[in-house]
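The data blocks that follow each hold one structure.
You will see two complexes here that share chain A, one where it goes with chain B and one where it goes with chain C.
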Partner chain A sequence: MTITVASGKGGAGKTSLAAALAASVGSSCIVADCDVDAANGAIALHARLRESGPYFAGPGYRIEPSLCIGCGRCMPACRFNAIRTDKTRRTYLIAEELCERCGACTDHCPVDAIQGFTKEAGRLSVSDCPLGMTLIHAELVPGEDTSGKLVNQVRRRADTINPGNAIIIVDAPPGIGCPVIASLSGADIVLLVVDSTISGLRDSLRLSELAAGMDKRIIAIINKTGLDEEIDNKIRVAMTQSSIPVMGEIPFDPLLRSVEEKDLTWIDVAGEAGLKAKAAVRAVLEYAQMQMIY
Partner chain B sequence: MKAVPQELVIAVASGKGGTGKTSLAAHLALAGAARLRTILVDLDVEAPDSLAYFPEAIRVGRNCPVSLKVPFLIPESCSGCGACAKACHFGAIVALGGAVTIDQKLCKGCGRCVFLCPENALKERGIVVGQTRLMKSGSLDILEGRMDVGDIRSTSVIEAAKTRAASLKKEVQVRDCPPGVSCPATHAVEGADYVVLVAEPTAFSLHDLSAAISLVKGQGLKAGVVINKYGFGDADIESLCREKALPVIGRIEFKRKRASSGASGKLWTDDGSYMQKIDEILKRIVHAVETDEGELG
Partner chain C sequence: MKLGIPTDDGKTVSGIFGRANSFAVYDTDTAELIVLANEGIGAEHGAGTGAASFLAEQGVSKVLAPELGPKALSALSSAGVAVARVEAGTKILEVVRRA
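The block that comes next holds the complex of A and B.
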């Protein structure tokens, strides 16, 4: 059983909620932190590194200055405007931040001055959490562009170490792009974390449209309620209209934020917010159990 | 003294999502628009929310589809040699037993397969992956890039929005960038004169800010940090900035009242002390672009 926690919007509470879910499931649980751009699962779960290995992306390209004859044929071949030249038009170079790594330029270079290179684009790690669960996480080197591929590797590793019946909790990145699609694929349940703001509503509707298009079962938790009653209501109505069952609402409370710094998750927080987080998480797991039975 | 660019491009970015990029970008753009011709460009094309702050904005100009040239096969001409599949780095073409299948959803439109096909069996047609739309609120122009749901080509939409924004020739361009440190963020900050990294004093944000700093350093961009929700947590953003030799160009204190009105997309233009902070941040940015402040080693 795989539950993917996603939101569309960043900062909605995905990682903290994934940690709270994991803490409720207990030591048998596997957490896959798929936000490889901003991997905070290890912080939320106080994980200790067990093993770590390099991740290599596909080739990047560079123009070897000693071989380049300055003919400029590579430049129009690049549809991404990633090839630059100076005023003399004698030297050409590839702007890595714009390069899509298609290799089209190499087909046009008459002297083979454009060479592919591979480099370590990130690390894939397995860690142990004090609460007993296993965390698979990865970190992309900033500026690298193959986060979808790295997410696939995180997912595959989580599946490999699964003895067969464990609950896998996937913490998805924000947005609706390729790393998000890679996080949603294979999920039995998508848990939508709706930030109770106008942006949170807009982004969660885009995410739920994506997940629905992938035939996913979607449930929701509304986070940070109580800031604006009108927005809270709008979100409740929108969830009903989209036939997305709401498993719980968690009020905005700075107390929840502060548990990041301690050896705890949201379900350990005293007071209303903690109790509601605990109830919401329990409702999600009950829903998941029902799905497993049927 | 360095020459002031004709158009000052400010990119508002952060590693972590939800730190307050969109609201800071909106207010910075408003502060710019008070004196100069300014455009707010929403480059968070997977989750564009800048316009949520401007419900009264009116549309100016056409909505422009963002299209990409992708290949399709002329089966009569195809010899099944598989040169196209071998050339494609995106896994969009499969050649099995002489049969070529193209998945246009995975294609990035590089045109390599078309060029390399010895039989001229591949032609191209445009497909739409998103759109840009231009709106106006008072004197502020707002350009939104929006990727279609289910697509993965966010960078194409980001580049199209950057191109359209540049063609409008404003004096100030404020970009609302996507979170993260991979391709969408890389494309969104590219070409900026200054990058404002928005952080909040939490452990998560501290970790992600560090990655965002590496990203802007890698691109050789000038940058400064705004600590948003100041007092909301006690993660030490200031120490990280000192260690990375990055100036803190603003501190905006956390107020529940602000969080409440921000939730519904209300602007804080009535909040004098807030707008004064925004003005100061903008001044710091202009000063930094004119001089060497914030230059990263």
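The block that comes next holds the complex of A and C.
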């Protein structure tokens, strides 16, 4: 059973909610932090590194100066204007920051001076959490953008570790692009975290459109309610219109944020916000249980 | 007609499409089944569209998969490839027998 926590928007509470879910399930669950551009599941779950290995992206392309004859045929082949002349040496070079790694230039080089290379673009790690669950997480080197592939590797590692019937909680990145699609694929349930703001609603509807196109079961939790009654209502109506069952609402409360500075998650918070978070998380798990039976 | 099915182990349907390890291609006319490695598995982006174009090039006219991303779906439809759902984990032989 895989539950993917997604929102479309950043800062909606995905990671915190994923941590709270994991804490409720307990030691048998596996958490896959797929927000590889800004992974913070390890912080939320106070994880300790068990093992870590390099992640190789590629290929990137470079022009070997000793082989380049300076014919310039590669330059018009590049649709991203990443190839420039090196006037002093009468050869060409690829600006790495502009290169989209399509490799079109290699087809046009008459002397095979353009070579592919792989490089370490990040790390894929497995960590242990004090509450007993296993966390799979990864981190990209700043500036690298190869996240769909890395997300896929995080997901596959989580599936490998799964003894068979564990609950896997996937913490998706924000947005609706490649790494998000990789986070949704294979998920049994998509838990939409709706930030109770205008952009939170817009982005969650975009995400739900994407997930619905992939035939996903979508459920929602509305986060940070009570700040603006009008927006709260708008979101409730929108969820009903989209036939997305709302598992709970969590009111805005600075206490929720403060627990993460200690070794706790939202379900440990005293007061209304904590109780509602706990109830929402329990409702999600009951829903998941029902999906497993039927 | 040729059918394309994503598979990780060569025997059962994979839960994912674009980054499955390989694709089973079954020819309903000759009853020939081949498994082709997915060379796009390591693509940074666009694994779904890459897989769609690979299968279209193989002459596949119908893809059977548990789910497809939005880009893979639109690539398949613009290549005129039909799509049908099958459950992940189903045996490939079972899928082609039913087809």
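Here, the second predicted complex is superposed on the first by the 286 of 294 C-alpha atoms of A that agree within 3 Å, B and C clash if a C-alpha of one lies under 4 Å from a C-alpha of the other, contacts with A are read in each partner's own complex, and residues count from 1 in each chain.
Convention: a residue touches a chain if its C-beta (ideal position, glycine included) is under 8 Å from a C-beta of that chain, and two chains touch if they have at least 3 such contacts.
Keep in mind the model is a prediction, meaning the values are calculated, not measured.
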| item | value |
| --- | --- |
| Combined model on chain A where chain B meets chain C, clash or fit | clash |
| Contacts of A:Ala104 with chain B and chain C, given as first, second, both or neither | first |
| Which superposed partner A:Gly72 touches (first chain B, second chain C, both, neither) | neither |
| Touched partner set for A:Ser185, first chain B, second chain C, both or neither | second |
| Touched partner set for A:Thr197, first chain B, second chain C, both or neither | first |
| Which superposed partner A:Leu210 touches (first chain B, second chain C, both, neither) | both |
| Which of chain B and chain C A:Asn152 touches, first, second, both or neither | second |
| Candidates 63-71, 99-107 or 153-161 of chain B: the single one with C-alpha clashes against chain C | 99-107 |
| Chain A positions touched by chain B in one structure and by chain C in the second | 58, 101, 145-146, 148, 178, 181, 210, 213 |
| Contacting residues of chain B [partner chain A, same complex] | 15-19, 22, 44, 46-47, 49, 52, 69, 87, 89-90, 108-112, 115-116, 147, 149-150, 152, 154-155, 159, 178-187, 190, 202-204, 207-208, 211-212, 214-215, 218-219, 232-235, 256, 259-265 |
| Chain C-facing residues of chain A, complex | 57-58, 101, 145-146, 148-149, 152, 178, 181-182, 185-186, 210, 213-216 |
| In the complex with chain B, residue positions of chain A that touch it | 8-12, 15, 35-40, 43-44, 58-59, 77, 79-81, 95, 97-98, 100-104, 107, 139-148, 173-181, 195-199, 202-203, 206, 209-210, 213, 224, 227-228, 230-231, 252, 254, 257-258, 260-261 |
| Residue ranges of chain C touching chain A (in the complex, touch as defined) | 15-17, 19, 42-48, 66-71, 73, 85, 88 |
